[in-house]
Amino acid sequence: MGVNAPLNRKLRMGLVGGGPGSFIGRVHSIGACLDNRAEVVAGALSSNPERAKQGAADYNIDPDRAYGSYEEMFEAESKLPDDTRIDFVSVTTPNHTHFDIAKEAVEAGFNVICDKPMTFDLAQAEALQAAVEASDVVFAVSHNYTGYPLIRQARAMIQNGDLGEIQAIRVQYIQGWLRDKIEAEDQKQAAWRTDPTKSGAAGAFGDIATHAYNLGRYMTGLLPDQISCHLKTFVPGRALDDYGTAVIRYENGCLGTVTASQISHGRENDVLIEIDGTKGSLQWRQENPNEMYVRANGQPHKIYTRDPNAPYMTPAGAAACRLPAGHPEGFFEAFANIYGSAFDAMIERAEGKSFEKRDTIYPNVYDGVEGMFFIQQCVASSQQDAAWLSLKHAAARR
Amino acid sequence: MGVNAPLNRKLRMGLVGGGPGSFIGRVHSIGACLDNRAEVVAGALSSNPERAKQGAADYNIDPDRAYGSYEEMFEAESKLPDDTRIDFVSVTTPNHTHFDIAKEAVEAGFNVICDKPMTFDLAQAEALQAAVEASDVVFAVSHNYTGYPLIRQARAMIQNGDLGEIQAIRVQYIQGWLRDKIEAEDQKQAAWRTDPTKSGAAGAFGDIATHAYNLGRYMTGLLPDQISCHLKTFVPGRALDDYGTAVIRYENGCLGTVTASQISHGRENDVLIEIDGTKGSLQWRQENPNEMYVRANGQPHKIYTRDPNAPYMTPAGAAACRLPAGHPEGFFEAFANIYGSAFDAMIERAEGKSFEKRDTIYPNVYDGVEGMFFIQQCVASSQQDAAWLSLKHAAARR
Amino acid sequence: MGVNAPLNRKLRMGLVGGGPGSFIGRVHSIGACLDNRAEVVAGALSSNPERAKQGAADYNIDPDRAYGSYEEMFEAESKLPDDTRIDFVSVTTPNHTHFDIAKEAVEAGFNVICDKPMTFDLAQAEALQAAVEASDVVFAVSHNYTGYPLIRQARAMIQNGDLGEIQAIRVQYIQGWLRDKIEAEDQKQAAWRTDPTKSGAAGAFGDIATHAYNLGRYMTGLLPDQISCHLKTFVPGRALDDYGTAVIRYENGCLGTVTASQISHGRENDVLIEIDGTKGSLQWRQENPNEMYVRANGQPHKIYTRDPNAPYMTPAGAAACRLPAGHPEGFFEAFANIYGSAFDAMIERAEGKSFEKRDTIYPNVYDGVEGMFFIQQCVASSQQDAAWLSLKHAAARR
Amino acid sequence: MGVNAPLNRKLRMGLVGGGPGSFIGRVHSIGACLDNRAEVVAGALSSNPERAKQGAADYNIDPDRAYGSYEEMFEAESKLPDDTRIDFVSVTTPNHTHFDIAKEAVEAGFNVICDKPMTFDLAQAEALQAAVEASDVVFAVSHNYTGYPLIRQARAMIQNGDLGEIQAIRVQYIQGWLRDKIEAEDQKQAAWRTDPTKSGAAGAFGDIATHAYNLGRYMTGLLPDQISCHLKTFVPGRALDDYGTAVIRYENGCLGTVTASQISHGRENDVLIEIDGTKGSLQWRQENPNEMYVRANGQPHKIYTRDPNAPYMTPAGAAACRLPAGHPEGFFEAFANIYGSAFDAMIERAEGKSFEKRDTIYPNVYDGVEGMFFIQQCVASSQQDAAWLSLKHAAARR
């Protein structure tokens, strides 16, 4: 069967961001291309023309399609013939620029994969949602942890009722890399992420607690009701939170907790999620993503491994695997799974078929909106001494 | 050197509670006697005379000293000669009875090891504190997790400044045994622990979150300022909380979180504590208590094992070990360490020496008071929609 | 029910060895007394009278029963009345002295718990077997790892056929404490264990590989056929092996491997056993003894925890637990389980009942003989360039 | 900087094998292309023309370059202009076909990445070595586990002397997928791997023990002296070994053990290597490849994580990382590292520079020869009752 059948060709990627010194742009390109279903053919990797050229060479992008700005890219690519023009745009720039880029891409008719948090603030997110709804593009947000096979497995198991009614969700996302004020030392990643003019209203809560919250929402589908949040800035002189904790009341009575840290010495990228249901519980840790603990009283603890051939795997879980059990998959593959699912929708679109926009297996614009709402309410709650604020947003999907 | 030198004899234990079907009474007796420093010589194991006799045989207690009530025991033992009379009383009954027993024991001049939570409510705890202060007895509370060698090691390291200023404490205490309403099935342990007339104002928070909170306090010495707590009762018909989460503001700005569950399927007795300081972080899990992770940015993760011979061990940590590294110690040994430290004080008392009553290595009456205050404020906060309430109590020690 | 019913009294222990500086003597006494079923009442803790006295005080032994030699103890105790005389002798001295002590104790009619390896050489072991067979005493050998609840659980599961036919046994026992030549620095434990006149023909293989081999034998009951062994002495100037590996052919075709090290930096007491059967496999690690992995193709990995209340536990496994799941038990408890099982037999003997001598749940004299045969054949094989030698011995039990 | 600078273009890959139903062909193509440094442009994916076409579409190979045989591919590609012709050939077919394909590719001047074991027997391997030596091609063998960052890190540490003199190497490679006779059920992977006419003289030892042995050799550089091996076939009717163990004497006195299983229920792909040196020891497990334990007596156990930014990382270790610590990398990345290192050499060759052929960071033809010698001697030793045979081969590199 051909690549991306019935298209039988690779999808063409236009990358925004990802120039020298970038982290997440390279991750997007590797994730997008891992399965040989896409190719980076164009890029606006930097607004500095020299850096843009340099970056383009890194990606083997033809110099003709190494654009000096995303506007230029969209305009030029739009004029290219159907069999050459980029199919989708990956937005991998700092947060404050997402909105303009993504909205323009959507309006130009390009499919979009947008990094998270989706925009700078909620208003932008809602405007972007409207733009997507007014278009017929595929729009995904890279809440990449949802792409791990065992996360999709867990989601399917919960949807199947294997855990019963969900009553508690505990998520921790613990890092240590901002323990010192490295933004003052010209560390590029640290600099923009701790700068409220680029990162948005929140620091740790915008960068990582959004992932943590999204993960629980994605896996359980529970709708939130209220949130109480307490943010801290432990590193002197830092402008945004680098630690915080939130309590979430879900509509069904479930109690959620989210704690995020960027100041925990030696901790790397430790996302730990635990979910308790009336029939079973589960536990998964991102740093060892190929196994998940599933437990029920009176039974041995069970470790579900990422095993595409195991009878216990759901179709969604098995489809997200590339390798047999025991052959570790990781972060890139999770990204690739987000891309792959979005590609499936892009093919449907390219074929002129209708495709699901709301209840997608990949995080979409609605999740992006909800993420921005989460950030907004966390910051507001924290400013009001952890007051309970509504976490209900019309965009939230089950 | 003789046992309990210079006393050169075993200490004599009078056990209250611990009759057939009891859990913690047996744990106390094994912990107390593990090092051959004490012997159970008397008991008021049950208020039912027949069960009291039966229980006494289990412990090899002389029938003459198998009392029908604690009052009887204190009265009779008080009349025995110095070289026969019990040295200390272990209170291992349900919570609502602790106060009367402990207070009477103190007033009769017996040293006391009291199970936690120390009393039924705060008023009792404060009254007991007064009684202890008015006496010259040794009084310990069995917050047994503080007896683990690596917990004492961690405390010493924090006191030494190895972690720098402490900024975050995360504790989870996750169990699953009350997932079903087993108190309705005549399970003795479940029955009293879920009964507000016996357990006190809180369920999970009284039974296990107190341990979790105490552990953070013990290890860091940080003084608390305010608490916001959210309790849940997930099992229909249960009278007390079986799940909850609290956020704690410490005086120095440290942010603490405590989450406790008794309804997480398949989870056993999973106490996980993580402490973040400006110079390092640590992580310890009760279910695998012989190792502790210590981390600092840029360095390999370090596992400190319970190794009495390792140069990295502090005197307090090393002194709490009985076996070389790699020879697992566990729950009984932690109990035994609480007892052992209390025994050291009892010997000093018996020798007529002054002994430390407040800044002890074992949890004492002040910790017991603070635990009751914690429970009271958690319940009150939860009833007020997780309002911030004061967590400052005059009894709190560093 | 009374202690040791129907005896309704504690058993009386006479300890040989265990004086100041000893390791294993103290372990025996704690293990023996943990459940309040026994008491150390007499001892020949050292052949040096002063040290014997000093040691006796440590154990709270009455000075009258602090003997200067084991001969003296056996003679004096034999003359004591039935209700005072020691019930059993624990032999915790260096290996070369075990035989004389144990044989004399047996012949004097005392039950015996003998440390491993049972004797200095095979001839002694066979002579001791004959002595035990000629007597009516209970005789146990402290292959203590067999006392762990999950080891007894595994044994019962294998006996029940849960793993099918056993085809492979892999055991590693890795330590690092003899990495340097600490025997030259007057480290008492190292000194005798590396001295062929005290330890016997083998070093690491006598001290720890015997445990490893015994564990596989105990758990599977498979009879051995042949062995090929390769011993190494890595530390210059050391007289005995400090590393080695052996391959074992079992009668049923099962292939076994045993590797032991005392020179692996930083390794503590890492016994790892893996058993493969036609229906399932298992894996257990001594340093985390409260869990065991059980696996079968196509199923989630299962962790059996030490849970006395779990339906999956066999009676033998459950009976070896003292605490609920999640409350770690360790090394002392494993020792205590060997003692406890031997006590059960001692009670039967004391009641005049017949009791099982060969197919016991505790390691017995036959296991001791087999251990010495294992050592002898390992050394011989190694000396013959790892030649295959017979590992069949008439004493071997299933 | 351009891709593969100064070439500034992707390298062109010709894939042999990898058609529908293949496992390792897809792994090679993903590994090769992960970093956007290569592209699959031609293939001889199957000798069946229809399947070859079908497979080519899977890889987006132009139908013109979807060849019906490798001979056809080499002939046709050789005639293509320099800027179109494939740069390298990946040989991913069953073992018995490697030699003809690889030799012809080498002789046609194509660089080669050959799957392991390199050939069907030693004679072929030696002939291939001669062919490679007579050519100027880059030749790599996909002993992929050597591509893990922490394996390269460990190798550099050992070369730096961090562990001192190496005295023991223990490797286990445990799988369970051939527990049942699935080759009888037309499972394609199982069928050829258990067929001596396709797999070669050994089963488990050819398929996986070679990896295990190679890993120890790669990490330590120690030269082997002798081997004693014992192979077993546990599944009735199977033609090749599915279990075995070998003891290896290294020239410096180090003792090695290699155990491999394909019949251990539920075990996935569990490669565990432990190395003991006079100054430190290390331990690494493939199923959790992002961490490695490094230990020394008296120090905390250290976990080196795959952290490109950590001061403790060697240049070789850091260069093999793509992501920050805590962002798991896995099996594909290890493959990609083998490819990437071979690409570096291919660029040097393309630039007309001399390049290292023997002391390469990637496994090369000499390792391939040694692997075949290992298999031959294992089988021979096993047939002679585990006799000690020489393991010295002239091709062995440090």
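Points to keep in mind about this one:
A, B, C and D label the chains in the order they appear, each numbered from 1.
Here is the rule we use: contacts are C-beta pairs under 8 Å (C-beta built on N, C-alpha and C of every residue); 3 or more make two chains touch, one makes a residue touch a chain.
A quick map from chain label to UniProt name: A, B, C, D = Glucose--fructose oxidoreductase.
Quick caveat: nothing in here was measured; it's all calculated off a predicted structure.
Across C-D and A-C, the chain pair carrying more C-beta contacts is C-D. Comparing the centres of all chains, each the average of its CA atoms, the largest separation from subunit A belongs to C.
Here the spacing of subunit A and subunit C, counted between their Cα centres, is 55 Å. Separating the centre of subunit B from that of subunit C, both taken as means of CA atoms, is a distance of 34 Å. The distance from the centre of subunit C to the centre of subunit D, with each centre set as the mean of the Cα atoms, comes to 44 Å. Residue positions 177, 267, 299, 301, 305 of subunit A each touch two or more of the other chains.
Judged by the touch criterion defined above, the protein chains are all mutually in contact, each touching every other.
Interface residues of subunit C facing subunit A in the complex, by the touch rule stated above, are 291, 294, 298-305, 309-312.
Remark: subunit C residues 1-3, 5, 8-10, 23, 26-27, 29-30, 33-36, 40, 54, 57-60, 175, 177, 267-270, 286-290, 305, 307, 322-333 touch subunit B in the complex. In the complex of the two chains, the subunit B residues touching subunit A come out as 163, 167-168, 170, 172, 174, 176-177, 179-180, 228, 230, 232, 234, 243-245, 247, 253, 255, 257, 259, 261, 263-267, 274, 276-281, 295-297, 299, 301, 385-386, 388.
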